[in-house]
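Dropping the structures in below, format is C-alpha cells.
Here come two complexes built around chain A, the first alongside chain B, the second alongside chain C.
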Partner chain A sequence: MTEPGKPLLSVTGLRTEFTVRSRGSRRTLRAVDGVDLELHAGRTSAVVGESGSGKSTLARSILRLVEPTAGTVLVDGRPLSAFRRRRDIYKDIQMVFQDPRSSLDPRQRVREILDEPMRLHLRRSPADRARRIRELLAAVELDEAILERRPAALSGGQRQRVGIARALAVEPKVVILDEPTASLDASTRGVVLDLLARLQRENDLAYLLISHDLHTVRRIAHTVAVMYLGRVIETGPVAEVLRHPAHPYTQALIDAAPVAAHGGHHRTIRLTGEIPSPFDRNPGCVLASRCPLAEASCTTRQPSLAEFRPDHFAACPVTHRQPR
Partner chain B sequence: MSAAPGRWWRHHPMSARLGAALMLLLLVAALVGRLWTPYDPNTPGVGDPFLAPGARHWFGTDQAGADVFSMTLAATATDVWLTVVAVALAFAIGGVLGAVAGYWGGWTDWLIMRVTEVLQSFPALLLAMLLVAALGNGLVNVIVVVAFVGLPGYLRLIRAEVKARRGWEFADAAILAGNSGAGVLARHLVPNSLTPLVSYAAVNAAWVAIVVSSLGFIGVGIEPGSPEWGSMIAGGRDFPDEYWISLFPGLGILLLSTAFYLVGDGIVDRDER
Partner chain C sequence: MSAALLEVRGLSGVFRTRAGDTPVLHDVSFDLPAGGITAVVGETGSGKSLTALSILGLQPPGLVTGGSIRFDGRELMGLDEAGYRALRGSQIAMVFQDARSSLNPVLTVGRQLCDVARLHRGLSRRDAAALVEQTLARVAIPEPRRRMAQYPHEFSGGMAQRVMIVMALLCEPRLLLLDEPTTGLDVTTQADVMELIVALTQEAGLTTCLVTHDLGLVGEACDRVVVMRRGRVVEQADAATFFSDPATDYARTLLAANRDTVDQGTANQGTANQDTANQDTEPEGTA
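Now for the complex of A and B:
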C-alpha cells in the first residue's frame, strides 16, 4: 500500500527525555526515543504498545504539551517556527482525549465547551459560531437539548461525542485520538468508532490513533507502529503486521490479545519477565532481556528498522534472517 | 454560588442557614446604624452616666452618658465593613499569587512560598498589631494589614488546588482550545478551585472579625473616637460593675464571628457530604 500525496503531519527523530531526580542523583528517562511518523489525509495511523511504551508521551510531544528534546514535527509541511504563535498549531492539529470525564471542564456547559476553541482560534462572529455548533452536534449525532448541560449530566458516550465535536470545531487537518474508546463500555465503543470513521471520510482527516487495543486498531487504522520502551520496533499496513508480525514483541502482543484479534499464522511467543527499567538501558535491543529468540548479538547492538516485506518494517535481525 | 437564595437554603445544613440568618441580621443592623440611631452615638451626655439598660437607653449609658445602643449600632457597619473588605482583599491577592505559584511553579513559586513562610513564622495577631503600630492608626491601614496577615492561608490553599488540577486533561484540552497559560488559569483552573477557598474565607472572616476588634481594643485600630466594638470594650474595662458598656459590643463581635464561622463550616459540611 502506498501513501498518496504529501503528509499532513510528519515526525522525524522525535525524542523526549525527562530528568528524574531521586535521592540526589539525576537520571534521564528517555520516554520517546527517535520516532519517525507520517500521517496522510483520510488515513489512520495507529501507535500501539503497553502502558509505559511512550505512546502517550509521543502524542503529547507532537502537540507540545511536553517539550521534545530533539526531532522535528512538520504540520502540513510547515515547522513549528512557521506558526506565528505556538498555539496556532492547534488550528491544524487537535486531540480527542482518553477520558472525557477529566478532559471536559466540569463547570462549563456543552455550548461553552464547543464555543471556546472557535472563539479563541478563529475569531468568528457569534452567529457563525452558533451555526457551527449546530453543525457539530449534528455531525456527532447529539441533540441540541444537551447544549445547556454540564459534563456531569451526560452519559459516557455523550461526553466522548462532545470531546470529538470540540476537537473538530476548528476544522483541523490532523486529529490525535488518545485511546478514544478506553473509557467507554463495549456497546458504545463500536458506535463511537463508526462515528470517527465517518467523520474521517467526510472531512478527509488524518488520524493518529494511540491505543493498546488491537481490536480498535484493526477496525479503524490503515497503518500501525508498534512501540516498546520509546522506540518503534515494527511498522506497516495493519492487516499485514497483524497477520505476519515480524518482531517477537509484536507477536507476543498479538498472542496476549483476545482470540478475535488474531487471524494470521505465526509461532507463539511468550515473553518472560517485566518491562526493564527505562533508565540504565543496555546498548542492545530493548527487548533482549525478555526475548526467547535473543542471541548474543542482541545485547550489544541496537537493531534498526529493516524492510521485512514491502512497506513492512521490523527491528529484529533474528526473525529477519529466518525463513518464514 | 449564583443559585437563588431558596436553592442555597435547601442545599445547606442547619448551621449554615443559622449563620446566613445572623449575617443578614448584622447587615440590616449595619445599614440601620448608618441611617438612624436613637441618639447621636458620638455625643456624650444624652443621658446620665452609668445608666443601667432600661426603656430609655436599651443598652444603658457609659461613663460619659453616651447611649451604648446607639454606639453599638453605629459600630456594626465599621466592624462588618472592615471584616468583609479585609477578607475580600486577602482572597483576591492571595488567590492570584497562589494560582500563579501553583500553575507556573519554578522560581516564581519558590519566591512566593519563601516570602509566605517568613510571613507565617510570626504569630498573626502579633504581626498585625506591630504593623498597624508601625504604619499608624487608620481604616485603610487596618484593612491592608489584616488582609496581608491573612493572605498566606488563601495563597497556600489555591496553590495546592491549582497544582493538583494543572495535570488534569481539561487543562491540556484548554490549551488545545487556544488558551494561553494565563487563559487556562483564569478560565478553567481558578474557577474549579474556588469552592474550598470560599469556605475557608468564611471561616477566616470569623478570625478577621476578632483581629479587627482586638486591634481596636489595644488602641491600634481605626481613628480613636470613631465607633468600633473593640475600642468600646476597651472603654468599658475600667468599670467592671457597669458590665453593659463592654457586654453589648462584645456580643456584636461574637455574633459576627459566629455568623461567618457557621456559614463556612456549613459549606465545608455540604462539600464533604
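Now for the complex of A and C:
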C-alpha cells in the first residue's frame, strides 16, 4: 500500500509440492502453500522461519531451481514462463548462497568465478569484462591481489564477498540472499550486512532475504513475512511486526532469540513440542498443535491473513479479537 | 562462588607440521568455579574448542600441549590413556556440536544410551533401560519408551541434542563440557535446550562449561565469561560485570557486533543503516 511504484518481483499464490514415495505409498508434501510476495527496487523483503518452514523452497521455486506446482511469478511484469530458457531468468534474478565454501567452485580462481556469469549473460568484450571485475572487487571492498586465488585460500568473509560480487556481476534487478551471513562470525556478519545495504542503495537492488535470524532481518530488511509450515502467517513492516507481533508464532520466535545481556529476558509465549511433520497437517491453523492460545475452532478452520494494524497482516483470529 | 573445580594454568598448544611449528594456544589460564556455568567465548580460530578438547585429552594428534590442567586438585596433563578413560564420561562429560553425527546411525538410541549406563554404572540390562527411560523423560522427551526403539535419523536436531545430554548425564559427571551445543538448532529449540542446560546444572549440582561463539547464549545462561581470541584469554569476568562493563576493546567490539543485531523490536539501537530503514518502513498508522 505504501510501497512506491510497480513491484520488480511479484509472487502470487505460489505452491510447491513434492511427491514422496516411502514403503510403496505416495504422499504429497506441500512445502510452499499459497505464498504471495512483492519486491520493490531499493527495498528488502525478508522471509523468516525455522527449518521446515518452506522459506528455502520458496526461494528455489522463484528461481525455478525447483518447479513450482501452481502460482505465478512476475519479474518486472513479465511472467517467468515467458523466458525462453531457464538460464535467462538469471540475468534478472541472482542469488547469494548461505555457504560460500560450497557455492564457489574450488577449482576456479576468483577472476574466473566473477567472469563466468558475464560470459554467459552479457555480450561484453574481454576488456569490458576485466574492467567490470575491477569495479566489482572495489564494490565489495576486496583487493585485486585476490583475483588469482582460489576459494580455499580465502577467509569466510572474503568468500562471501566474492559470492556477492558474482551475484552482482550481471547487474541483476533482484538478488535473493539465502542466509547470507549464517556461516560468518559475529564481527564479520555486521560488516557484510552493511556492505549489502550499501550495494542496495548504490544499485537500487531489490533484495529477498531468507533468514532464520531476526537480528539480521531487523538490520537490513524493510518488510518481513513470517513463514511456518509453508504458509505466511504474519507480514508487515519490520519495525511494526517485531514491536507488535500479532501471531503467537512470531511472538515465540522473538522470545526465543537470545539477548547479549546478563540475565537474558523473559519468554512470554512458549510453544509445546516441535514443528510437526508436514504430512500430518490438520485442516485448521498450522500452529494449532503447539499454540498455547489455540481454541477449538483453530483446529478446524484455516485462518487467512487479516489486517491487524495498518499494513500489518496476521493469520490469527484469536489475537485479532484481543484488544490492543 | 565456591572454589574452582577445574584450573587451567599456562596451557599452550603448538601444531607440529612439516612446514614448521604453528602455535595456537598461548598461556591460557582460567578457572571453572564449582556449581556454575562458565562460558568460553570466541570467534572462529580463537582456540576455544581446542582448549575444551585438551581438558579431556581429545586434542588432535598433531597438537603438542604444555602447561597445567587440574581437575579437583589433580593434574591431568601427562595422564596416560587409561587415566583419561577413567575420567571421561564418569568425571567429565562432553557434548559436541552436531548431535546426530555423534550418535551411531545403525544402533537404536535406546541401545546406545543403555550401553553407556551399563558400562559406566555397572547396571543390569533391565535397570539400565529403566534409568534411560527416566532420564529421557527428565529432559522433556515425550514417549521415552517408544523413542528408545528408534534410530538417530528419526530424531530432530533438538531431540538428538537432548539425547546427547542424557548420555552425558547418565554417567553422573561432575563437569559437563558443551561445545556449541545449540549451533544448527532453530531458535525456539535452542532456547528450550539452553533452559534445560541451566535447569540440569542447578538440579544436579553440575559444573558446566559452555563453549560458544554466541554472546546471546552467554547472557541468557552463564555466571562467568572467559573471552578467547587468537589462542589467548583476553578477558575473564563475572557475567554481570562483563555485560555492563567489559574491560577490553575486543569484548566491547564483540558486544557491539551482537547488540547491533540484537534488538527485541522494542528499542531502536540504530546503526546508520537501521535508522534509514526504519524511517522508510514506519507506517503512517504508528506515527
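In this section, the second predicted complex is superposed on the first by the 314 of 324 C-alpha atoms of A that agree within 3 Å, B and C clash if a C-alpha of one lies under 4 Å from a C-alpha of the other, contacts with A are read in each partner's own complex, and residues count from 1 in each chain.
The rule is simple: a contact is a pair of C-beta atoms (placed from the backbone, for glycine too) under 8 Å apart; a residue touches a chain by one contact, two chains touch by 3 or more.
Everything quoted here is computed from the prediction, not taken from an experiment.
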Partners on chain A (chain B, chain C) - clash or fit: fit
First, second, both or neither for A:95, with chain B first and chain C second: first
Of chain B and chain C, the chain that contacts the larger number of chain A residues: C
Partner chain in contact with A:239 - chain B first, chain C second, else both or neither: second
Contacts of A:117 with chain B and chain C, given as first, second, both or neither: first
Chain B versus chain C as contact partner of A:55, first or second or both or neither: neither
Computed vertex angle (chain A) for partners chain B and chain C, CA, steps of 10°: 80
Partner chain in contact with A:30 - chain B first, chain C second, else both or neither: neither
Partner chain(s) touched by A:166 [first = chain B, second = chain C, both, neither]: first
First, second, both or neither for A:253, with chain B first and chain C second: second
Touched partner set for A:87, first chain B, second chain C, both or neither: first
Chain C versus chain B - closest C-alpha approach in the superposed model, Å: 13
Touching both chain B and chain C, residues of chain A: none
Residues of chain A defined as touching chain C within the complex: 2, 43-44, 50-51, 156, 185-187, 189-190, 193-194, 197, 212-216, 218-223, 236-243, 245, 252-265, 267, 271, 273-275, 309-312
Residues on chain B engaged by chain A in the complex (per definition of touch): 168-170, 172-180, 183, 187-188, 191-192
Of all residues in chain A, those that touch chain B in their complex: 60, 63, 65, 87, 90, 94-95, 97-99, 102-107, 116-117, 119-121, 163, 166-167, 170
Touching residues on chain C, where the partner in the complex is chain A: 43-44, 142, 156-159, 186-191, 194, 213-221, 239-240, 242-244, 253-255, 257-266, 268, 271, 273-274, 277-278, 280-286
